[in-house]
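Next, two complexes with chain A in common: one pairs it with chain B, the other with chain C.
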Partner chain A sequence: MSEAFEPKILAFLCNWCAYAGADLAGVSRLQYPPAIRVVRVMCSGRVDPLFVVKGLKNGFDSVFVSG
Partner chain B sequence: MDKCTACGLCVEKCPTVVVDKFNEGLGKRKAIYKLYPQAIPSGYAIDAENCRFLGHGKKCQICAKLCPAGAIDYEQKDEMLNLEVGSVIVAAGFKAFDPSGFETYAYASHPNVVDSMQFERLLSAGGPTAGHLERPSDLAVSEEIAKAEKRLKKLGRELKQLEKKHSKSTDEVVEQFKAGAEGEDYERWASMAERLAASESKLADLKEKEAGARPPAKIAWLQCVGSRDLNKCDNAYCSGVCCMYAIKEAVIAKEHSKDPLDTAIFYMDMRTHGKEFDDYYNRAQQGGVRFVRCRVHTITPVPDSDNLHICYVTDDGKLEKEEFDMVVLSVGLEAPASAAELADKLGFDLNQYKFAQTGSFAPVSTSCAGIYACGALQGPKDIPFSVMEASAAAGAAASRLAGARHSLVKEKVFPEERDVSAEALRIGVFVCNCGVNIGAVVRVPEVAEYAKTLPNVVYVQENLFSCSQDAIEQLIQVIKEQNLNRVVVASCSPRTHEPLFQETLRNSGLNKYLFEQVNIRDQCSWVHSNNPDAATVKAKDLVRMAVARGSLIEPLPVPSAPVTPSALVLGGGVAGMVSALNLGQQGFKVHLVEEKERLGGQALKLNKTWRGENISDFVSKLIDDVNGNENIDVHLNAKVKEASGFVGNFKTSISSNGGGDVLEVEHGAAILATGAHSIKPDEYLYGKNERVFRWHEIDKALETDLVRNASSAVFIQCVGSRQPDRTYCSKICCTFSVQKAVELKELNPDMDVYILYRDMRTYGEREDLYREARARGVIFVRYDLENKPVVKETDGGSLEVTVMDHVLGRPLTLKPDFITLATAIYTRGIEELGRMFKVSISKDNFFLEAHMKLRPVDFATDGVFVCGMAHYPKPIEESIAQALAAAARAANILSQKTVEVEPIVSVVDQEMCIGCGLCEICCPFGAIRLVKIEGTGYRAENISALCKGCGSCAAACPQKAIDMNHFRDSQIFASIQAGGAAA
Partner chain C sequence: MEAVEYLLDLAGIGRKRMKLCWVSAAEGQLFVDYVTQFSEQTQELGPFSPDEFKVPLAAVEQTLDSPRIRWLLGMSRQLTERENVYHEKVDPEEYKGLLHEAIEEEYEKAMVLEVIKEGPQLVREISGRIGLPKPRVSFWISQLRNTGQAAIEGYDKTTPKFVALAA
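And now, the complex of A and B:
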């Protein structure tokens, strides 16, 4: 793995907390690496283990579930 | 304000810096500002007083020049509105006590003595230190450094100019000047050089000081500053909230602190009487917060440091002196100046402490009919109770205005929805610049170009502001002209703007669920502003994901169910009756169910409120009013047998007369007001000696010779409360015992009356009663849980109480004629109701509301509400307020013709379901259950009205038999697939 490796992360964010957290990060202009691709869900409980597998299979390096 | 997009450019460039009052003077803000980051509406306002242009008449107007949305209007003025209203609710809040006058606390003179409001700001993530615990003295150093640096820069610049002008170096000139040489600007030059040197050395000192600054390691809180104090101020009452907030501040400060933080709270009585507050207090103690019972007289600055000394006396009488890095004054709540002004203008009375005057039986009604007061304006109180009173005031006002309901309502009409089911996909993508907020970082034209290449996209447009009025109008036109049937907007957060765009879709004849939003502002431009390339790539990826998902989203009908405009109220005590009567007066049909043979509940056993109002008169009138209200059906000797249904449409069977008669009622809402009981203790000789009473039994006994001729009486507090098996405080007993003690003293001033207590919790204005009791000679003896009083019967049959006296440190033996036990309040039999109405029960076995602070009468289950002692022990005035609140919340539902059922719910494919029941176990809302289907066994069934759309059931289903509307597996897969693919 080269040093320049930048992972592509699939992020499942709960609408009520983590997604709101990402909004707050935006409003607060907090800078973070441009690695995540967000899928909004109504609750992290919606995240089927299958979604995680699909993510990894479809080109994501890791999956982040936050809620 | 409509045009402002809250980009913040104006704030960045505004040249005027002023003290930030929202941060209690601890930070700075600009003259154009947002009160706090989450303020609603989210836009900026000009503080006209400090604005260079508006306040000082200078040219500036830089904000207007810069604002990309053209949202600055200097002409805006306060407007006078004339409104015709049927009632008025005053909720002007409180003012925090200003401790500047307390010289011995050095608040005004020492930066590290702060009040609790300032400390809140120091802890807040949106505060002046972004939530990092720092001492104000250190903050002041940072500020000084910034000033000194500015000064140095200016001097340096001026010196450079002189050097350039005369082509000489400063050192040269200073040397020549000292040698007595004269020349143009020499004197000024030399003095400036001197000032520069002085400033540099001062800056070095400050920097050294800053480097030595450490976050506080020891913080003290002093309770009752501006409360329970007739000496230094006029606030004799207890503010009721400070004990709890001080504990909270100490706990949070400990959590925030990287290094171990020592916290000490100096208090008189720990008044944590609210629901589950004592648990919090106990946890704080276990977590290391120190509690020192002492009212501190003086805070002394420690010489040559920024620290402070506090002297106090320990329980065993020793004088201690301790050094703290910081001291927080727990300031009390006062009536705001506006209270007097409002009272004067509106014509309602204030009490002696300038709070709005209300009575126990009409706790939100002011002296002026039709004017209601709620919150701290009518006495200090915490958030849950303020919220409760707010609903109560709305309920009280609604019963008065029932006849006018809906008379001013304008109904919004949407065009008929277009059926898109047979249409080929036509997706429109709108990419927003949000002024410069997105466009300055993300290359919007590139994203728009890219969107055109995506499958099924037939139309792409760039917008300056997608949410502006004109863009919205245009969006409707484009949808119609281009015949779009899916709309993707790449802009800001769906959490704020999805409803606006969904409404736009409805206005253009599309189902609102055919909309998909991508957040390329909060998730791209704002958080990757230093990396436009990556932000643009990410924006494209997110748009691709949205288009992929957008191709699969379906129109969802928003079903509505008719509401049965009647309520079921369980419990015929004061709370239940007040709820029922209020709803009846609002014109709704009510079924009031009481398990006993008569209405009245616990209030039947009581004589007077702590304010001296006659309870029995009130209760008999209330019973008459309830019986006389034609909308109320009273069911006595009745119980709920079974309940089913959902908000707006419940069905409950009531069995009465021992189960003989069963009546099925339909109702749109339910209020659980089943009350509570007091325990029968097996300690202190209760039940063994007839002169040992429970707390309310004394009311009856007041007429007996035993009590009338007694020469000594003892009250024992916390019997069964605040101990390991029942950790909560029963809240009402302190006030009750003190009230009875005063009554005994009135009856016979020579009677020796003792109250054995742990913390005297006469919160709010009840403190007056406590003071009166002491003035009348009632003796208060404090005991602790380890040394409970011992009650014995002597050989002669008389009672003997031994208790360790906290002042003398010796056992005290009393020989009372009778003893009154303040026994704990508990509920019984609520589990069954909880199961039937699908509502939660707390660990202390009281009904558990949806949110302890913000939804104090709602359950998580829509359409079911709670009030009275079944929620938590509380005095009659609080039960009544909560009952009015529950009625108001129920009326919200009952006054609607239909309830809209959210369509983002689970869908079960019963063919694929194997009836394993995992979904039922997973569902936190009781919204999915197994039903028996003839011939196939059990199958899952969704109860849409209860479903909150979380999707736990869908994730849990091993058969993939459950899917979520609008968040279908296929839709999420499409996002994942599109997101993972390379652009």
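And now, the complex of A and C:
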């Protein structure tokens, strides 16, 4: 492969914790990899185990859940 | 989530494809660290091909959707932290064992069902496809026939071929 593999990560972030954390990281201009695609949920308890499988099924390389 | 990790390992996808971690609203740096680390880990694992894992993925999905697993997961705290009316409580380790056993069984069953969805097959062929001993496959076929999810369709000489019925 000539081009470097760019992973696609599906991220479920809790509105009140990790999403705000990610926001803070953005505001404080901290650098982080562009690989994640964020889905905001109102609570990480909303994330059903099936979401992980559906994410992988639809072509994501890995799934990240944070709250 | 421990159950999902266990199931991903079982399916050969690997638990490294998912991660759960706790970050508070004030911990921007921690979030960055986690994302960087996980992104590197995914990079090392390389791309995931859903086509290659089509059957295991479908089986994993079916397992997580099964009433048995849903019930066990939903009752985890009730079973391990609170007592029932007879003052019985399940030891967390015992619960974990039960859950793993249930996951393994449901996953085997789901794999058999997924394979026969592709067309009528002999027990021998199914066994070869998913690497499960023939008696085990026969057992799941009989279970699936009892619940009306599988049936005999055609014979190879005198050996029956099985196919999945639409739900």
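Rule of thumb we're sticking to: the second predicted complex is superposed on the first by the 64 of 67 C-alpha atoms of A that agree within 3 Å, B and C clash if a C-alpha of one lies under 4 Å from a C-alpha of the other, contacts with A are read in each partner's own complex, and residues count from 1 in each chain.
As a convention for this text, contacts are C-beta pairs under 8 Å (C-beta built on N, C-alpha and C of every residue); 3 or more make two chains touch, one makes a residue touch a chain.
Note that the coordinates shown come from a computational prediction; the quantities given were computed from them, not determined experimentally.
Novice: After lining up the shared chain so the two structures overlap, which partner does A:Leu30 touch, if you call chain B first and chain C second: first, second, both or neither?
Specialist: Both: A:Leu30 reaches chain B and chain C.
Novice: Considering only the touch criterion stated at the top, classify A:Arg40 as touching first (chain B), second (chain C), both, or neither.
Specialist: first
Novice: Just checking: does A:Pro7 make contact with chain B only, chain C only, both, or neither of them? Give me first, second, both or neither.
Specialist: second
Novice: Between chain B (first) and chain C (second), which, if any, makes contact with A:Ser66: first, second, both or neither?
Specialist: Only chain C; A:Ser66 stays clear of chain B.
Novice: Of the two partner chains, chain B (first) and chain C (second), which one does A:Ala22 touch, if any: first, second, both, or neither?
Specialist: Both partners, chain B and chain C.
Novice: Show me the chain A residues, by the header's touch rule, that chain B contacts in one structure and chain C contacts in the other.
Specialist: 20, 22-23, 25-28, 30-32, 36, 49-50, 54, 57-60
Novice: List the residues on chain B that touch chain A in their complex, please.
Specialist: My answer: residues 37, 493-496, 519, 521-524, 526-531, 534-535, 537-538, 541-542, 545, 904, 922, 948-952, 954-955, 964, 967, 969, 972-973, 975-977, 979-982.
Novice: Show which residues of chain A lie in contact with chain C when the two form their complex.
Specialist: 5, 7, 9, 11, 16-18, 20-28, 30-33, 35-36, 44, 49-50, 52-54, 56-67
Novice: What part of chain A is in contact with chain B in the complex they form?
Specialist: That would be residues 8, 10, 15, 19-20, 22-23, 25-32, 34, 36-43, 45-51, 54-55, 57-60 of chain A.
Novice: Which residues of chain C touch chain A in their complex?
Specialist: Checking each residue of chain C against chain A gives 1, 3-4, 13, 16-32, 34-36, 38-43, 45-48, 50, 53, 57, 60-61, 64-65, 73.
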